[in-house]
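Below are the structure tokens for one structure; questions will follow.
Residue numbering begins at 1 within each chain, and the chains themselves are lettered A, B, C and D in the order written.
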Amino acid sequence: MAVVETTRVAMTLYDHLPVLQVLVPLVSAPLIVLIGSRRLTWSIAFTASAVSFVIAILLLMQVIDGSIISYQIGGWAPPLGIEYRVDAANAFVLLLVSGISTLVLPYARESIKSEIPARHHTLFYAAFMLCLTGLLGVTITGDAFNVFVFLEISSLSTYVLIAMGSYRDKRALTAAYDYLIMGTIGATFFVIGLGMLYMATGTLNMADLADRIADQGANRTVRAAFAFIVVGMGLKIAIYPLHLWLPRAYTFAPSAVTVFLAATATKVAIYVLLRFTFSVFQPKFMFEVNTLEFIILPFAILAMFAASFIAIFQTDFKRMLAYSSIAQIGYMLLGISLLTETGLTATVVYLFNHGITKATLFMGVGILVLRSGGSFYNRIQGMGKTMPWTSAAIVIGGLSLIGVPGTAGFISKWTLVEATIEKGWWPVSILIVLSSLLAVIYVWRVFEVLYLKAPLAGTNYKEAPLTMLIPMWILALSCIYFGLATDVTLTAARAAAQGLLAGSAGMF
Amino acid sequence: MGFELTQEYILGHMNYWLFSVLMMTGLYIVVAKGNLVKKIVGLNIFQTSVFMLYISTGKITGGTAPIFPLDMEVDPNVIYSNPLPHVLILTAIVVGISTTALGLALIVRIQEEFNTIEEDEILEIERAIVLAENAIHGDSMGGRA
Amino acid sequence: MLILTAIAVVRMHSLFAVAMLSGVFSLLSALLFVTLDAVDVAFTEAAVGAGISTVLVLGTLALTSRFEKPTKRSPIIPLFVVFVTGAALIYGTLDMPNFGSPDAPAQTHVGPDYLERSVEEIDIPNVVTAILASYRGYDTLGETAVVFTAGIGVLLLISGFSRRRRRDDDDDEESEET
Amino acid sequence: MRHHLILRVITKILVGAIMLFAFYVQFHGDFSPGGGFQAGVIMAVAFILYGIVFSLDSVKRVFPPWLVHKLVALGVLLYAATGVLSMFLGYSFLDYDAFVPSHPSSGQHYGILAVELGVGITVTAVMVAIYYAFAGRPPRLSDEEW
């Protein structure tokens, strides 16, 4: 032992980046409660979120070339201790999550003021930071059980955040309760899956799990574990038949919360699914190929059509976007079920681009709600004239949602079509294009309501405050930027896909 | 990958099957019952049964609790059961009670706003709200879906 | 016993009885944990399941209602869900190692490492505490954060606007600002 | 429950014993079953019992809500601070070897003690806070209805 002491090199701040990524928001939440001053609350939250965004950038720069950072928490080498493991795939998701939260916080200031009583603000921001902590922790960890712990931090805070919508509509409470029940069943399924994996392999470290599963092949326990983990995560992702909680949760949550959840929570769940499917259970086992091709694929396509179809008939902008999210999740799952590198790349690009697109749109809805008090079409009609900046950003977001060339949404859909063609699945490519036409219809309805209808008599809405407009326009412009500068996202996504497919090979 | 239904096999797996039955009873309560409090109780039973499954993984026949003698003179002949599942389940129990507390707090709020904790009655009330909204804002495929 | 209790919970309509039975269920499972050598878990399950969560359920009942109304929905879909899940579970158990078998993967890979190494590295008798607080200490930090989340969640949901105001410092600030 | 004299006297004795037991579980967790979480629950039970038998207001005088709120946060911070301290000493996050580098297992002892204390504080405070929140609501059922 003594020898180790003399030779060990003290770790620098730079070495601690992986753990600081999660630790900064984690510590900020109790600090907010401890200080308890309403003036400082927002600044603490914003600083913590911005710092973790900067860390995410630094991490992504380190791993973009395909290298892996492993951080041993407590100094215990895995599989004994818990390991943080950053590769291109999760660094990319970390960047998305911390970036969105840094943009949502300034936006939330005004929006929350109008939607939640002032005495709850301190605790609200604490819950928000915990949600961020949970999502980052799930993404960065290399330990399967640690995923569950941080998943629950994010879930519990999400239930509370959604329930905070009850000051506008009491249905937020039942929405939160439904999500609590579904989410807990999902998490418990996930735990059952982990338990079976542990029985079959005796370890919890993801890389170690992958090695051991690869060595011994899949037996029935491993297969059942795969099924439980997919269904458990499926509940969180809102895969089509398991999506029932999502529209209500998104519709009734406070606007800022909806923005954050829509852009990050489901994306993180998809990342976990990707990580488990490709890195832990390698897709070479027939059972998984079958599951993905014959179960996930039909449901993905069903989601693309059914949810889009329902979205067309909505009269509430927010609820329409929620259904559109379910449809978009279908596209991402489609990319997964292709089981090719291009398919995975498409999913990762989709994850990112849909994140920023939906964030733009939900921010727009939030502003409309702030000014008009509701998001029903006949409530917001004609607001394109009174609130030109907000509406213009909504238009950009809408175009990106459809996948018009020149926007981020186009890149993701194009990559997906490319992937299906590469695999030779022509009918699927056609289905993608067809379902995009449905998106044209539901997005067009919004444009029509905003621009072609006369404003409600006796209303004269002011343009939104700058603290809300600026984050929204940053996102709207990045929708265009990532639509033109395609190689940025595609390079990162390809590195991520390769990282996921490489799994644990050669790491032990 | 075949397995034989020997007596040893059945006895060695009986515990798993019993826990599975318990889990499914809990899950059934959550999915089928309309009372919000009862759903939470069902969730607890479901989770506790999962914990049993975990803990039984760690048991070694003839083993004892993983606590060394106070003087740390570990007798190499004593078999200790695997402590790792215990640790995981301690964490999971804490997560479970946190979820329960939050769920019950939500129920209290629901009771105050809707004046009932029966899912059927809540559905009824929400349907009425949606109908009222549709009357003002035009038909939508709203409701609880 | 456990199964009988669980089934009784399904059948009962008196929520008070349900709460008590769920406490009984927890106590029984704590006993089971003791026989499975998990004394720490048994201790916690008894304190949490039979103690805190029963108190919480009773507290909720006092604020809501005591009886469950029978639901009109058909039990076919729930039964189907439960049946499919149960089948998946049983399928998964088929290849599990025999109960108590010392050469199962779980007993041969990471588990014994903790037992061997903690004597030297941590040097405390209770290995469960050693793993909980040190080897997997980060999980426990996460667990504490979960408890913290639940705490502020409950405060956000049901604290502050009943008849009694309890966030004194908070209310002062509010009057400052408004 | 003002009139139950026996209950009140026994409670007064019990509360002290329960608290003592909580401290035992807290600091003896290294040697026997138990630790911060269990101790926190037991400690909270002492306050809850006091609150049920006497009244919510009297237990709030002993353990005021603002203090509970601060402690909720303090426990988590104590845990995290232990880890941050080991980071400042040039070790990994939560590597307790950092505290006594010459004798790592003593460092582990200190570290475990500190984090268990953090867990204990947060759990006690959260449980009491939850109890205050539930008990502070106006009940719908009167005592007779039970």
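As a working rule, contacts are C-beta pairs under 8 Å (C-beta built on N, C-alpha and C of every residue); 3 or more make two chains touch, one makes a residue touch a chain.
Just so we're clear, the structure is a prediction, and the values are computed from it rather than from any experiment.
**Student:** More contacting C-beta pairs: A-C or A-B?
**Tutor:** Looking at contacts between chains, A-C has the larger number.
**Student:** Counting only Cα atoms for the centres, state how far subunit A is from subunit B in Å.
**Tutor:** Roughly 26 Å, centre to centre.
**Student:** Please report how many Å separate the Cα centroid of subunit A from that of subunit C, as a whole number.
**Tutor:** So the centroids are 28 Å from each other.
**Student:** Centroid from C-alpha atoms only, then distance subunit B to subunit C, rounded to Å. What do you get?
**Tutor:** Once rounded, the distance between the two centres reads 7 Å.
**Student:** Give, as an integer number of Å, the spacing between the C-alpha centres of subunit D and subunit A.
**Tutor:** For subunit A versus subunit D, the centre distance works out to 35 Å.
**Student:** Give me the residues of subunit B that touch two or more other chains.
**Tutor:** 1, 23, 27, 57, 65, 67, 70, 84-85, 88, 90-91, 94-95, 98-99, 101-102, 104-109, 111
**Student:** Multi-chain contacts only, two chains or more: what residues does subunit C have there?
**Tutor:** Expected reply: 39-40, 44, 48, 52, 56, 59-61, 63-65, 89, 93-97, 104, 106-107, 110-111, 114, 123, 125-126, 128, 132, 134, 136-143, 145-150, 152-155, 157-158, 167, 169.
**Student:** Return the residues of subunit D touching two or more other chains; collapse runs of consecutive numbers into ranges.
**Tutor:** 31-33, 37, 69, 72-73, 76, 80, 83, 93-94, 96, 104, 130, 133-134, 137, 140
**Student:** Could you draw the chains as nodes, link the ones that touch, and say if you get a line, ring, star, complete or other?
**Tutor:** Topology of touching chains reads as complete, every chain touching all others.
**Student:** Spell out the residues on subunit D that touch subunit A in their complex, using ranges where they run on.
**Tutor:** Of all residues in subunit D, those touching subunit A are 69-70, 72-74, 76-77, 80, 83-84, 87, 89-97, 101-102, 104.
**Student:** Which positions of subunit C touch subunit B when the two form their complex?
**Tutor:** Residue positions touching the partner: 2-3, 6-7, 9-10, 15, 18-19, 22, 25-26, 29, 32-33, 36-41, 44-45, 48-49, 52-53, 56-57, 59-61, 63-65, 68-69, 71-73, 75, 77-79, 81-83, 85-86, 89-90, 93-102, 104, 106-107, 110-112, 114-115, 119, 123, 125-128, 131-132, 136, 139-140, 142-143, 146-147, 149-150, 153-154, 157-158.
**Student:** Sort out for me which residues of subunit D touch subunit C in the complex.
**Tutor:** Checking each residue of subunit D against subunit C gives 29-35, 37-38, 41-42, 44-45, 48, 60, 65-66, 69, 72-73, 75-76, 79-80, 83, 93-94, 96, 104-105, 108-109, 111-112, 115-116, 118-119, 122-123, 125-127, 129-141, 145-146.
**Student:** Subunit B touches which residues of subunit D in the complex?
**Tutor:** Subunit D residues touching subunit B: 31-33, 37, 130, 133-134, 137, 140.
**Student:** Name, in rising order, each residue of subunit A that touches subunit B in their complex.
**Tutor:** 145, 148-149, 152, 156, 159-160, 163, 166, 170-171, 173-174, 176-177, 180-181, 184-185, 187-188, 191-192, 195, 198-199, 204, 219-220, 244, 247-248, 310, 313-316, 319, 376-379
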